[in-house]
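Both of the next two complexes hold chain A, though its partner changes from chain B to chain C.
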Partner chain A sequence: MTLNYIQNNKDNIFKEWLDRLKEDSDETITNVILDQNFETYGRELVELAILKISGKQDEYERQSENFSDRMVNLGWPLRFVVNALDIFGDVVFDEMVKDKYIRQENELKVMHDLNHWLKAMNSEIINDYTDSWERTIANQKIALQELSAPLIPVFEGITVMPLIGMIDTERAKQIMENLLQGVVKHRSEVVLIDITGVPVVDTMVAHHIIQAADAVHLVGAKCMLVGIRSEIAQTIVSLGIDLNRIITKNTMKSGVEAALEMTKRKIVPLEG
Partner chain B sequence: MRIPILKLHDCLLVSIQWELDDHTALQFQEDLLKKIHNTSANGVVIDLTSIDFIDSFIAKVLGDVIEMSHLMGAKVVITGIQPAVAITLTELGIGLNNVLTALDLEKGLEKLHQELGE
Partner chain C sequence: MDNQSCVKIINEWDIVSARQLGRNVAKELGFGTVDQARITTAISELARNIFLYAGQGQICIEKLYENGKTGLRLLSIDSGPGIKDLRQVMEDGYSTSGGLGAGLPGVKRLMDDFQIDSSPGEGTDIRAIKWLR
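Let's look at the complex of A and B:
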């Protein structure tokens, strides 16, 4: 009954719905609506609602997942989609009242049915959204982990680990693991840890660095700390951190030179 | 089971192949010192490549052995400590700071000869 009504008056409902959306939208939402594809997608949303109402569960699920994936990719805000669904419900109801489709005796039933469909659809869309967010976050986490402690062999026996950004306990653990595994894998004699990109070196970070250096010593290589900026040198000394056991250099350049010297090599200019 | 100690020119080679228990570790300490005395070796290489786990007692015994060997005039190089072992040791606060270390047996022997000035 309701289904028939919606299907017959699809265009009407859609127009009214679009008007109302435009009425009570703020800037971000207006941008979404102004998108030329919006009408296509809007229609799709309506079709989806009809599909849901008509009870074709399988097809609905397939299309809905597909649809919400695209929504997320397009950057449609969730609150907009939810709001749009709400308004869709209102519009259908108002139109029904206007067309005298709803009478006193069936009002409750139609309301109930409508609410039921909308609620189910709402929660499904929210689920799809959160799923896709969780996926994104998980992917980003993996990417972040891969980027957090890279190890680069530069010469035979010399490896560099550039660190950028804050170091917390979790990351320090990862740094340590990557560092040691890399040293063993590349058979390095000297490892340079570059902290040019580390904004703050406090006691905790220093502690982690000292631990890493100790562990590197245990596997049989030497650890050198390079890229110590003046303010970092100041904090290290004023915090009373003892870095005497680690060889320190101010730049990567002097670090590499020292590392080459340790492995009995040097860089000479070509003659002629 | 005793840990075999091999003589190579003026060096002693020890490869520890299985997890040490407390008794074996102490036995090893005694054996090694006796061997150093008998052969008057100048250097010792202890290879830990196949060891995946070291507890604080074994670490202490190793540290002691190294110091004792030192007293008897033999330099010790520890080689092949696994990354996981290195992490555990540093977390236990055992840095073995004054001990020579090397990546593998080959580099260990190289380092030993360097230290002995050959």
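Let's look at the complex of A and C:
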């Protein structure tokens, strides 16, 4: 009966639903509603609820996943979707009362049915949302890992590791691994670590760099730290960090020149 | 309060947001790049201490206007295990985690004013100020 009622009064319910959404919305939600495509998507959400209520579970699941993905992409807050569903339930009930479909003897049943459907739909939508977020985070993690500690051979025996951004424990581990593997693989004599793009060098970052340099020494190569900006140099001194065991240069250019010298080569201009 | 903003430190990435907040406030107050680096490094040390030793806590950044001077106050508040021997942690080279042991004495040197309160079992409260020159 409830299903029949909703299907017959779909337009009316949709209009009422939209009005109520506008009534009790805050700024984030108003932004969603002001979107010109909102009506289309809103209708879809209502159709989805009807699918759910009519018990076409397969069809519903297919559309719901698709719908959630799009909502996440559009930046609809989860709070909004959940709230919108809640309101949908209220609207249906209130309209049914208004049209005298609900009498004392079936009131509880209608309420129970509505609750039952919408609750299930709610948890499914939350699941889809979190799935989508988790996927995004997992992908970003992989992307970050790929960027985290690249080792580039530039000359015979000389490799460079440019570091950009924050260095956390996970990344420090990767830096160490990639450095040691790379030194062996490229038969490096000198490795340059470039920290031009590292915003803050605190004791932990310094500690990891010192450890990496020590490890590089152990496998028979030399480690050079380049790209130390003047403000970083001053904070390192204030912190009282001893980097004397590592060769340091202020730019990558002077680092490469020093590395060439250490391997008994130099860059000369062509004659003629 | 408008003059104070806080960041909760729960995981390693919160250290970055605390740093970012500190850098923005420092920039807004007119600190130069070197002092900005000092302030962000100090925040980094304090936030990392919270993450490593207390598990969670918060870092607050406050704008200070006193006697015609402008400054930035860092507050690091946690209810972790606390510090048993305050004199020892302020010594260079002392570390319980195998680090460099330059964190807290380093923060003291990076900032102009440094206060630490801690009692075992109750947590640690650190206040440090950098004045604009």
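Here, the second predicted complex is superposed on the first by the 255 of 272 C-alpha atoms of A that agree within 3 Å, B and C clash if a C-alpha of one lies under 4 Å from a C-alpha of the other, contacts with A are read in each partner's own complex, and residues count from 1 in each chain.
By definition in this document, a residue touches a chain if its C-beta (ideal position, glycine included) is under 8 Å from a C-beta of that chain, and two chains touch if they have at least 3 such contacts.
Fair warning: this is a prediction, and the values are worked out from it, not measured in the lab.
Looking at the shared chain after the overlay, A:150 reaches neither chain B nor chain C. Touch criterion met: A:235 reaches chain C, while chain B stays clear of it. Of the two partner chains, chain B is the only one touched by A:221; chain C is not. When the two structures are aligned on the shared chain, A:187 is found in touch with chain B, with no touch to chain C. Look at A:77: by the touch rule set out above, it reaches neither chain B nor chain C.
Judged by the touch definition given at the top, the superposed model places A:199 against chain C, while chain B stays out of reach. Here chain B touches chain A in the complex through residues 78-83, 85-87, 89-91, 95-97, 101-104, 107-108, going by the rule given at the top. Interface residues of chain A facing chain B in the complex, by the touch rule stated above, are 176-177, 180-181, 183-184, 187-189, 211, 214-221, 245. Remark: chain C residues 12-13, 15-16, 19, 33-34, 36-38, 40-41, 44-45, 48, 92, 99-103, 105-106, 109-110 touch chain A in the complex. Interface residues of chain A facing chain C in the complex, by the touch rule stated above, are 166, 168-169, 199-204, 206-207, 210, 230-232, 234-235, 238-241.
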